[in-house]
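Next come two complexes built around chain A: one with chain B, the other with chain C.
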Partner chain A sequence: MATIETAEQTMQVKLKIWRFDSSTGERALKEYEVEAPEWVTLLDVLDIIKDRVDGSLAYRKSCRMMICGSCGMRMDGAAVLACKTRMYEIVQAGHVPVISAMGNLPIHKDLVVDMEPFWQKFNAMKPWLQPGYEEPPEGKEYRVSQERTKVIEKEALCINCGCCVSECNAMESSPAFLGPQALAKGMRFVGDARDAATVERLEDYSGEHGIWECTRCYFCNERCPKGVDPRDAIAKLGAEAVKQGVDQDMGVKHAKWFIKSTETTGWLRETELVPKTQGVISAISQMKFAMKLARHGKVPIPVPPHVADKVDEARALHKVVHEQGRLGYDGIVQGERALAKLDYHLREEDKTEETEA
Partner chain B sequence: MKQVAYYKGCLAALSAKELDTSTQALAPKVGLELIDLESVTCCGAGDIHEAEPDYYLHLNARILAYAEATGSDTLMTICNVCTLNLRQADFMLKGDEALMARVNTNLAAVGVPPYSGAVEVKHFLWIVAEGEGYELLKTSAHKGLKGVKIAPFYGCQILRPSKLLGFEDPDRPWSLERIIEACGGEVVDYPAKIKCCGFPIIQAREETALGELVQPIEQAIERGADAIVTPCPLCHLSLDAWQQKLNAARDKEGLEPLQPMPIFHLSQLIGVAAGIEESELKFKRHVVSMRPVLEKLEV
Partner chain C sequence: MEAKHDVLVVGAGCAGMRAAIEAFDAGADVAMISKIHPTRSHSGAAEGGINAALGNASEDDPETHAFDTVKGSDYLGDQDAIQILCDEAPDDVYQLEHWGAVFSRTEDGRIAQRPFGAAGAPRTAYAADITGHVLVQVLYEQVVKRDILTYEEWFAWKLVVEDDRCQGVICWDLLNGGLKAIGAKTVILATGGAGRLYTGTTNAYACTGDGMTLALRAGVALKDMEMMQFHPTTLAPTGVLITEGCRGEGAYLLNSEGERFLKTYAPNAMELASRDVISRAEQTEIDEGRGVNGNVLLDMRHLGAEKIIERLHGTRELSLTFAGVDPIYEPIPVRPGAHYHMGGVDTDVWGLTSLEGLYAAGEVACVSVHGANRLGGNALMETITYGKRSGRHAAEWALANTTVTVPESVLSDAERELKTLLDRRDGERPWRIRDELAITMHENFGVFRREDQMQKQGDIVEGLRERYERVVVEDKGNVFNSDLTQALELGFLLELAQCMVVCGIARKESRGAHARPHDYPERDDENFLKHTLVTWDDGPELDWKPVTMTKWEPKERTY
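Showing the complex of A and B:
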């Protein structure tokens, strides 16, 4: 017969925390050790430290259940929600994790970042519905089918925690980049059946620091604690921009040259990629650079072209697919169910492994 | 010998021919027989996925179908971007019968053989980092890297998103380190080894890309690396060919140029340790001279 354990099992938890005081600029890595129940999360441990060891420790929290998005921080350099991070296995492994504030945002104190730049970008997306009318037609509510809500099912899960922004490589290099959270929020409205500002939004989001500045590092997908997959949301925006003819950005021209290449030679026509992306004038200014590359065979001569066998199949395939009209974000949405299953299977595999162990 | 369908991708067929020749020369030494895919095209990089994702799916399904037609259960890639694209398309198809049926109907309409889902997409790195491939690599790398200091650079799309790649912990990868050590090199560790090289936006947003590229180069120099090794030809192109642009930008700011950092393709690094001829490794095709590190290796 199963017994029910009533006495609480405890463990010794060690943490190192990067303390920071923005008024003095002082920064110090401090180690803490506390006794805690085996079920604690990182947030619980911080609470215990603040309660029993050092009341001056600063961090944000509210709901403690992965809904409010307040407790984003870094553990060993990777952004996590403190309330979602269980400590048991980390302690068992004898590991002492280093806790620090999220990246890509200024630090106020200890683990508290200034979210102002984050909210500015969020607001720049016009994150409200623009249905294009004052009163609903015929005074009735707008009904959205179940099927249609799938387009933004993932984007709607965002809790604005900033974990994706923390590690965004493009934003680290270019702080003005709108970034994964804001763009995923943008997709949440572009894909909303009730919104009538699609083209205007796509034009807004396609600026210098918009959709096409994403470097596709996929840190955002990796870090998001809610499965939003911001990079996929950005790709949906890109696809929709191309579909809607919002296609003047160099990023789109670059992408279109790939399509042209697969239809003509099958392989990327690398040498022509620069003038096709940046325009001939800009490409000429790059001539010195190109000549140096050419000396090392890095600028393959496009004539005669390197043509893949049966390239006509790819051309025909593009025609068939294009005519079926699954353009824009639909092309990505159609695969999301299968990829979500993958998450599920991975979780199931983990469980099986745990059971076996 | 294990037969694998070999998808070299665009760069290894064009500007990074040295990656193709070194992989071909190395393959038999690590137990691989490469079956060339004649009829395949570019995977579309992140570009077609972002511009016309339905075409991306079909284009990659076509590559998977031709790989399956070889009878091999493995489609071997040598590029991070190809790896993610093909694995993602593969999972989309395997996880959705209706989608698989629609794509196969379209493939059939243009004369492409059907894809049943019998192939797994694996990067060359994964094949030689464990199991039989690794055992053979250890034996082959008899000439050794003589303790030269090698900084591994993974790039992005061989690690993230881990649910699609999943070979190793994306924050604490070990495969390149294991290979460097097996070849007798000394591993140089540095934080930027899992970050982005900037290549996907190097044409459309050069300044942003260079701000990414500079990190692995600077950190590898600071830690005394003799060279960087990467499993991705796009990272290679960025790290190798665009280094001069980093210096041009530094020059404008009145800074000294960075010390030149030689960049190995993974197959070249193992190839050197395995004693493969320079005629196959083609180091002269690199923009940054490989001479300093090759001299240390007495090649």
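Showing the complex of A and C:
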């Protein structure tokens, strides 16, 4: 609760907010300026505006400690949790941020979106454990190692705030796409040692608007306030689908051809990509287009196959993956921003000490 | 009437969802009403863990758990209720695990347990430091599996009491506007606590004591309302929670002189003494000038980066975001903050209140398993065990009884009352009253209590209630009118504050969270080994109720 009754340092905060009234369809960008303590977050500022300037401003909030997932919204066009966004640096920079409702979801009022489509996709994942592990001894707990539990550590952090969905480019062009949040929830079960429905889930999730509809733009990883890294979860699902032989979708065929061509030639064999992905008939229908591309030098002549000079290095990489058994989710290297948001980096002074030691 | 159900659960946190699942599995037609989506519930903010004598980290048994809880409660807990909790806890935790809860694990793959304050064994089962979040998720998954109907973002405003039975709830539909009546054979209150009574609180904005006031207004007694727990480690200025799990993992509390000051207050248990003891110790250090800008320091640097990142990453995230401090390198400034209401709606061991058809479970209820001081890790356990028990009892009762009556007049009366509020155009808006309430409760009804301050607080609250009578809601719209619901929430809080003050003044002793060092510094078992009860008849009416004792006689309580 923000109060200015205490003797703390305050600052003037300016915001612009996209107001929206669904009953009239009116939309307007309004500017606000309030006095606030220096420690405030965006959520605190909205509270001050609602209290002192306009009681009709609508936004969701609850825990104000980054765990309930209520206050997802956009700041300057990118999704944030309002309670996690400190205002001090923004004010110091003289910036006046524009606040709006999350994207990819209909707006009820101001910053309050309709979460119904979000939850429908969540529900479509059959998001509950379907046990089939070894019977727990004496009615006690299932035995799962900590290492095995860590496979879904990040997916289990998801607070359903919707920030990833808001920024999802694939969903913007294909609203039926299951999307990063639902798929991360799916990985939470596929990666759970106690769940017995792995193949069934992978088949479900590999449908028309599933795993392979992701365009790999990584905006979800970028905007997730909890370090869930939904794109990595989707990659894990894809790899797991290949491993489990769930490979009928065009997306997975496409991905598999990348693997095959890099292993054999060290290059992408583009000419064969379309027939391998979409099938021969579909490829024939696109011959005219392909010829045109060839004429302009956009695709290499397929015969003889174009083999990279150092193809052995590419093959060695494939060998390492197989030797180490890093197939399925285990082969996915975490995105750089992953837990990195929280990752521990030795500070400069400690590095020096260590070098001296 | 909008709809009718066998069992209607108000609130959808851990207790509410667990109750709904149990009632569903018992064959009842069950629905939940919640002013926020179930996964947004404040149960999700519980960090450290859930207590059950699983014996995974050392020898343990429910009996020891029960004794620790009785002692922790400063002997105000009802021993039959505590015994039930501790006996049923292990199976209830195994069930959560079978449903898929992502617990941290021991080396041999069992549920990991860590030490917590005032516990005789490492008994707190945990999922890193996001245990509440993990439990909310798993319960919601089970709710989705059963396709249990939820009236989402519906705000419960009144209980329907007809023929001396609770027969439904009147709600405001937040997304679309309008009052709706839902009939029910049984209603289970699971609305959580009322931490928003205080300015520095770990509680969410949603924790406004709704269920407590609904019960009070329906003629049901609230019990031990003076017992508000102050958590020893909250972040300034707003009170964000830093888990007891830090101390469970070995963190120290230091004063400005760098001393582990608990050696003076709890030489044996040190940082793992009970919360009331540590909060008082911190407040004393701060008051006597050994604080650091109104805080003490929580130092976990010696735990090392690896342990902090693996088991306390959420704490690190909170600390970095809200205090700008990385606990790997620097101690976190912390202070006591309002955290948990031991008091609440008076129920029996099935969650049943004195009003037929009305139940309560979780923080909203006072069974009482926490007495005058709750042990860390027992709150989540209570939500599960007593959520389950109230769900089962309510379903059984509902399936054996058939009729539901909600007269038209109930809804039209409520509509008229709401219209009066919404039509008012001149007057004060609620926020200043809300802020004054929270600030003065902190000043006058905090860690230490003085007779004169409590008296003064009674007058302040009465004044605030008079101002509230003329309060104005600025937003007159129907879509997501949180201006309206926040005004109604303030009404709930004001009545509770008045109840708390009355009970606090009447308890002329120091017990657990109720500390009166200036006039009644000792516990007085002869006169006050009993619960306060408060009902509302144009103002709070005080009464008392004996504590249920089974086998543990009160002893001096030291740690």
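As a convention for this text, the second predicted complex is superposed on the first by the 307 of 357 C-alpha atoms of A that agree within 3 Å, B and C clash if a C-alpha of one lies under 4 Å from a C-alpha of the other, contacts with A are read in each partner's own complex, and residues count from 1 in each chain.
FYI, contacts are C-beta pairs under 8 Å (C-beta built on N, C-alpha and C of every residue); 3 or more make two chains touch, one makes a residue touch a chain.
What you are looking at is a predicted structure, and each value in this text was computed from that prediction instead of being measured.
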| field | First, second, both or neither for A:T277, with chain B first and chain C second | value | first
| message | In the overlaid three-chain picture, which partner chain does A:V321 touch, first (chain B) or second (chain C), both, or neither? | response | first
| task | Name the contact category of A:F258: first (chain B only), second (chain C only), both, or neither. | result | first
| query | In the superposed arrangement, which partner chain does A:D76 touch: chain B (first), chain C (second), both, or neither? | reply | first
| message | By the touch definition at the top of the document, which applies to A:P305: first (chain B), second (chain C), both, or neither? | response | neither
| said: Once chain A of both complexes is superposed, is A:P117 in touch with chain B (first), chain C (second), both, or neither? | reply: neither
| request: Could you say whether A:A239 touches chain B, chain C, both of them, or neither, answering first, second, both or neither? | output: first
| Those residues of chain A which chain B touches in one complex and chain C touches in the other | 339, 342-343
| Interface residues, chain A side, partner chain C - complex | 1, 3, 5-6, 8, 21-23, 37, 39, 50-52, 54-56, 58-70, 84, 86, 108-110, 112, 115, 119, 122-123, 127-129, 131, 136, 139-146, 149, 152-153, 156-157, 159-160, 188-189, 192, 194-195, 339, 342-344, 347
| task | Would you mind writing out the residues of chain A in touch with chain B in their complex? | result | 76-78, 169-170, 172-174, 177, 212-219, 221-222, 229, 231, 234-235, 238-239, 242, 249-252, 254-259, 261-262, 266-268, 270, 273-274, 277-278, 289, 292-293, 296-300, 306, 308-311, 313-314, 316-318, 320-322, 324, 326-327, 329-332, 334-335, 337-339, 341-343, 346
| message | Residue numbers of chain B touching chain A in their complex, please. | response | 10-11, 13-15, 17, 38-42, 44-59, 62, 88, 91-96, 99, 106-107, 109-112, 156-157, 160-164, 166, 170-171, 191, 195-196, 198, 200-201, 203-205, 207-212, 237, 241, 244-245, 284-287
| query | Tell me, which parts of chain C touch chain A in their complex? | reply | 36-37, 39-42, 44-45, 54, 91, 94, 97-100, 102-112, 127, 130, 132-134, 137-138, 141-142, 144-145, 175, 196, 199, 204-206, 237-238, 240-241, 305, 309, 313-314, 316-318, 321-322, 328-329, 429, 431, 434-435, 438-439, 473-475, 477-483
